[in-house]
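Labels run A, B, C, D, E and F following the written order; every chain starts at residue 1.
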Amino acid sequence: MYYKKYNLPGSDAMPIVELHLLKGYEDADKTRLGEALTDAVRLVVPATPEAITVMIHERSPAQYMRGRIPRNPAPALPDPALIVRGYLDAMEARDLDAARTFLGRGFVMHFPGAPAMHDLQQLIDWSAPRYREVRKTYEAAEAFQGAAEAATVYMRGTLSGVWLDGTAFHAIRFIDRFEVAGGKIIKQEVWNDMAEVRA
Amino acid sequence: MYYKKYNLPGSDAMPIVELHLLKGYEDADKTRLGEALTDAVRLVVPATPEAITVMIHERSPAQYMRGRIPRNPAPALPDPALIVRGYLDAMEARDLDAARTFLGRGFVMHFPGAPAMHDLQQLIDWSAPRYREVRKTYEAAEAFQGAAEAATVYMRGTLSGVWLDGTAFHAIRFIDRFEVAGGKIIKQEVWNDMAEVRA
Amino acid sequence: MYYKKYNLPGSDAMPIVELHLLKGYEDADKTRLGEALTDAVRLVVPATPEAITVMIHERSPAQYMRGRIPRNPAPALPDPALIVRGYLDAMEARDLDAARTFLGRGFVMHFPGAPAMHDLQQLIDWSAPRYREVRKTYEAAEAFQGAAEAATVYMRGTLSGVWLDGTAFHAIRFIDRFEVAGGKIIKQEVWNDMAEVRA
Amino acid sequence: MYYKKYNLPGSDAMPIVELHLLKGYEDADKTRLGEALTDAVRLVVPATPEAITVMIHERSPAQYMRGRIPRNPAPALPDPALIVRGYLDAMEARDLDAARTFLGRGFVMHFPGAPAMHDLQQLIDWSAPRYREVRKTYEAAEAFQGAAEAATVYMRGTLSGVWLDGTAFHAIRFIDRFEVAGGKIIKQEVWNDMAEVRA
Amino acid sequence: MYYKKYNLPGSDAMPIVELHLLKGYEDADKTRLGEALTDAVRLVVPATPEAITVMIHERSPAQYMRGRIPRNPAPALPDPALIVRGYLDAMEARDLDAARTFLGRGFVMHFPGAPAMHDLQQLIDWSAPRYREVRKTYEAAEAFQGAAEAATVYMRGTLSGVWLDGTAFHAIRFIDRFEVAGGKIIKQEVWNDMAEVRA
Amino acid sequence: MYYKKYNLPGSDAMPIVELHLLKGYEDADKTRLGEALTDAVRLVVPATPEAITVMIHERSPAQYMRGRIPRNPAPALPDPALIVRGYLDAMEARDLDAARTFLGRGFVMHFPGAPAMHDLQQLIDWSAPRYREVRKTYEAAEAFQGAAEAATVYMRGTLSGVWLDGTAFHAIRFIDRFEVAGGKIIKQEVWNDMAEVRA
């Protein structure tokens, strides 16, 4: 469809990906792996998703040896997008204790016009003189792994809420960037048009 | 290193990825594929990059048949991060003609506090009463392919420049989001702290 | 043995076939697949059957994804040679109802000297003034899939029976050709030496 | 198309065939292998041809060892359908010497109402009192390899020509069956409606 | 470690071995296979054991066909080093009946200064005028398969015991070489420094 | 043959080994790898050599990535059996300088009745009062890689030569064991029946 829309050259490429894994992953993990591998190929090869096949081979420890030693699987990493969403939902519910369970050591937040903050209470205190309440409407979540150590999650959409003077605001664009390592959020960066609108 | 830093559970998982491709890709394309496939696995499996092997099998058309028909490779998609960087460099040099070569049909821009814009001259006109000049210092580029049709590129860093009144600004955080389809930019979204600083 | 008999050049070729399948096929299906793949190779490569290995890899839906979507196996097609034999046995027993269960939509028959017929009763009526009874002795059945949509089955052997005048006939050569699509017979073509003998 | 026509159940099966071969085969040989392997799968798995991928891996002798001994490829067998067609064309041109080059040791012919014949001149002599000339119009050729030693080729279509009394005939159905071993025809079996028509 | 010690060139080679087997082997068998395959690669490629991965694919008989015939696995060969050790332990305990269960047809022994012997009692008789008792301290066992029919096992270490005159000896070097075929010892060759010491 | 001789159970196992390597090895290296892998399987699986296939896949550095980094092949290790033979031939020719080129750092020799020696001149001096000359007749060489760091080579056969008193000796059994690491001999251990014969 969009291949027509953007006039991509017709492609005969039909890549096949085989992944050899130790046994022990959930179907949901394998589905995430299959999706990520499919998209990895699509970054370079102009193939429609339908043209890309992913096959996962699973092996028991006795069937998988490195350095003459049979190996055991490591538990799958949780989906970083779900971790971020859990955190954001807890924050929206002002449940700081729940929100803190999603945070890793060295967690740092960067908000527009704010100093680096390390604790959620700091954030609450900092935002108090800025708006009375805020809610996020999500348009999209993007999660991926790059060369860096942590996975990256982007959440973007619009903010609505109430200014200190009681007037409402809505449809203010925002984007949040998260770094997730070992299943914990270690960094949150926030950009939005609040100042633009407020000004 | 960071595995220690963030206390990841030690992992014995040593995934191996095999990619079957039609012959005809450059070494640089294969390197990008290998990197993207490695990172796709790391999104789910807690393995260090060193524990992940990618093997690419290449085949001539006579060795690769679908539907009883030998197939030809499609040219690799250009690196979307390079396309975005080329566009941003042309914009910084105010070379609109060069910049336009990077844009696809239906191109749209979203800037803070601006209506959707479709032409680069519109952007120039819109920014004229806002600042005299601006330069970007890049901290990071992130490119990935998700389920959606286009690849996504994020560029982030800081802005420096001169306000209309001649005073300088610098170290203003920004993040740009691009969608690249068929080797052309079709969407640019911009967030930054300019209004926050200016206010 | 026949390699000696017909003086084939000695062959060192030892092809190996790997088939990747979704889990869910019966052992009998896999045996048919292995036989057909072995013979497909032998059509081109002068290898004895013993020199050809077939390995079947089976995967659960979560291990097999195309277009980012896990897939489910389709039930195996029935053996077309068994379908044809079932039909011929029902016809020999003059059990038209049973025979009709083997026929697909658009079924057509071509017999020597007969117009195209579409219904089994037509065939009975047409043959009534030609012979009193007929029985088939099978020498060989051949089933294969070509480029065309339907599988092909050949049955050949000899006819024996009784002419209208009560005299017996036997050892009349015949060959029947069937097309089987979706598990149903859609075409039957018959050649034999009846006219030659009767004349 | 026919999958719709004959109401086949929709199939998600997407089999992948890998063939490991010694290097040295022509592209045409590999295409024939790919076609035969695709069709072998289709005999059992209800997949459209487009859903079946064949990948051929080729290796040099040093990369392929059995019994501790590197191996050399055997030359491909010629396409048996081409051999049969060459023979039939030579026969139609009454070039018996050319036709004989296609025949293997122990060659035997079975024609309707004729004894087993071993020499082409026998066939000429036998047909002399039956018709003055005959030409074949081919509707289809089918070639496949079964469990038996020789490949099988079927040619079918219609005969036209001139009877001994000078009257013409045409559109007489025929089917010829050939066995081809080691690149030579070792058996020809013929069925047709000549007697039916002549009677 | 020793790679540093002996100044081996740093190696980037990371060989991967895949073994396709019929199902039915014990984990211990697969571990022995993985070790032997790892070491086979290390004989030629200067890779550390940690750089070598072995993956074992196991298939049921219906998934593994040669010559159009599904195949059954053969029971694993016992570890020849364990067989040899069992034999030596039985001999040290002077349990000739137990020791004989480890011997195959045609068993032959070659001891220093002795004729070829075929029966364990012969050995006992031959050694009687040489020493009163002997015990083996093992330093190492080495088992491998070469081109020859039988596996080879080397046991080496030191002998201690009592001469005929009642004086003790110890730390006399020895090496025993065994050939093991079909799980039975068929040859024992012994070298040691007894004569050197005794002299 | 010997499978019959030693009454091995008939085996249907037909293992297939695939080795994935970086490109750059000589055919002779690949042959050694194929032999070693074949024999590694035979140590555990009772298959005749003819039943074992080894396929070597070679890849260019751009096709082989670990830790997101394309890799380069390491040069093959020389055949340790050839190194040992070169050393022994140089020693027999009394060319100590040539012989020393085969030795690695920390080289040590253990001869019957001798202290550990580290230099070849030591050996010459030690043997001077023992025999006037000695020559080796080789019956077999065995080379393999075990878990230990170095490859092991065994040479065995018989010694002939001349005692100090001028009388000849011959057919004295010997076995030499060598450890070869990084292409250099680091240990030689010698056992023989010289004292037995001399006594």
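Note that contacts are C-beta pairs under 8 Å (C-beta built on N, C-alpha and C of every residue); 3 or more make two chains touch, one makes a residue touch a chain.
In UniProt terms, the chains line up like this: A, B, C, D, E, F = Tautomerase.
What you see is a predicted model; the values in this text were computed from it and never measured.
K.L.:
Could you run down the chains that neighbour chain E and chain F together?
P.N.:
Output, common partners of chain E and chain F: B, C.
K.L.:
What angle of turn lays chain C on top of chain E when you fit their CA atoms, given in steps of 5 degrees?
P.N.:
120
K.L.:
At the interface of chain D with chain F, does the proportion of residue numbers present on both copies reach over half, so same, or stay under half, so different?
P.N.:
Mostly different residues form this interface, as fewer than half of the numbers used are common to both chains.
K.L.:
Please compute the C-alpha centroid of chain B, do the same for chain E, then give the distance between them in whole Å.
P.N.:
Computed from C-alpha means, the inter-chain centre distance equals 59 Å.
K.L.:
Could you give the separation in Å between the centres of chain A and chain B, each centre being the mean of its C-alpha atoms?
P.N.:
Using C-alpha averages as centres, the distance is 16 Å.
K.L.:
Would you mind pulling out the distance in Å between where the CA atoms of chain A average out and where those of chain F do?
P.N.:
56
K.L.:
Can you list the residues of chain E that touch 2 or more other chains?
P.N.:
14, 16, 20, 35, 39, 49, 53, 55, 57, 64, 66, 68, 147
K.L.:
Between the chains shown, work out who touches whom and classify the graph as line, ring, star, complete or other.
P.N.:
Looks like something else, not a line, ring, star or complete graph.
K.L.:
Provide the full list of chain pairs in touch.
P.N.:
A-B, A-C, A-D, A-E, B-D, B-E, B-F, C-D, C-E, C-F, D-F, E-F
K.L.:
For chain A, which residues count as touching chain B in their complex?
P.N.:
1-3, 6-22, 25, 29, 32-33, 35-37, 39-47, 49, 64, 66, 71-77, 80, 104-105, 110, 112-113, 142-147, 149-152, 154, 156, 173-175, 177, 181-182, 184, 186, 189, 191-199
K.L.:
Help me check something: in the complex, which residues belonging to chain F touch chain C?
P.N.:
Against chain C, chain F makes touches at 14, 16, 53, 55.
K.L.:
Considering only the defined contacts, which chain C positions touch chain A in the complex?
P.N.:
Touching chain A: residues 20, 57, 59, 62-68, 70 of chain C.
K.L.:
Going by the contact rule set out above, which residues of chain A touch chain C in the complex?
P.N.:
Residues in contact with chain C: 27, 30-31, 34-35, 38-39, 48-58.
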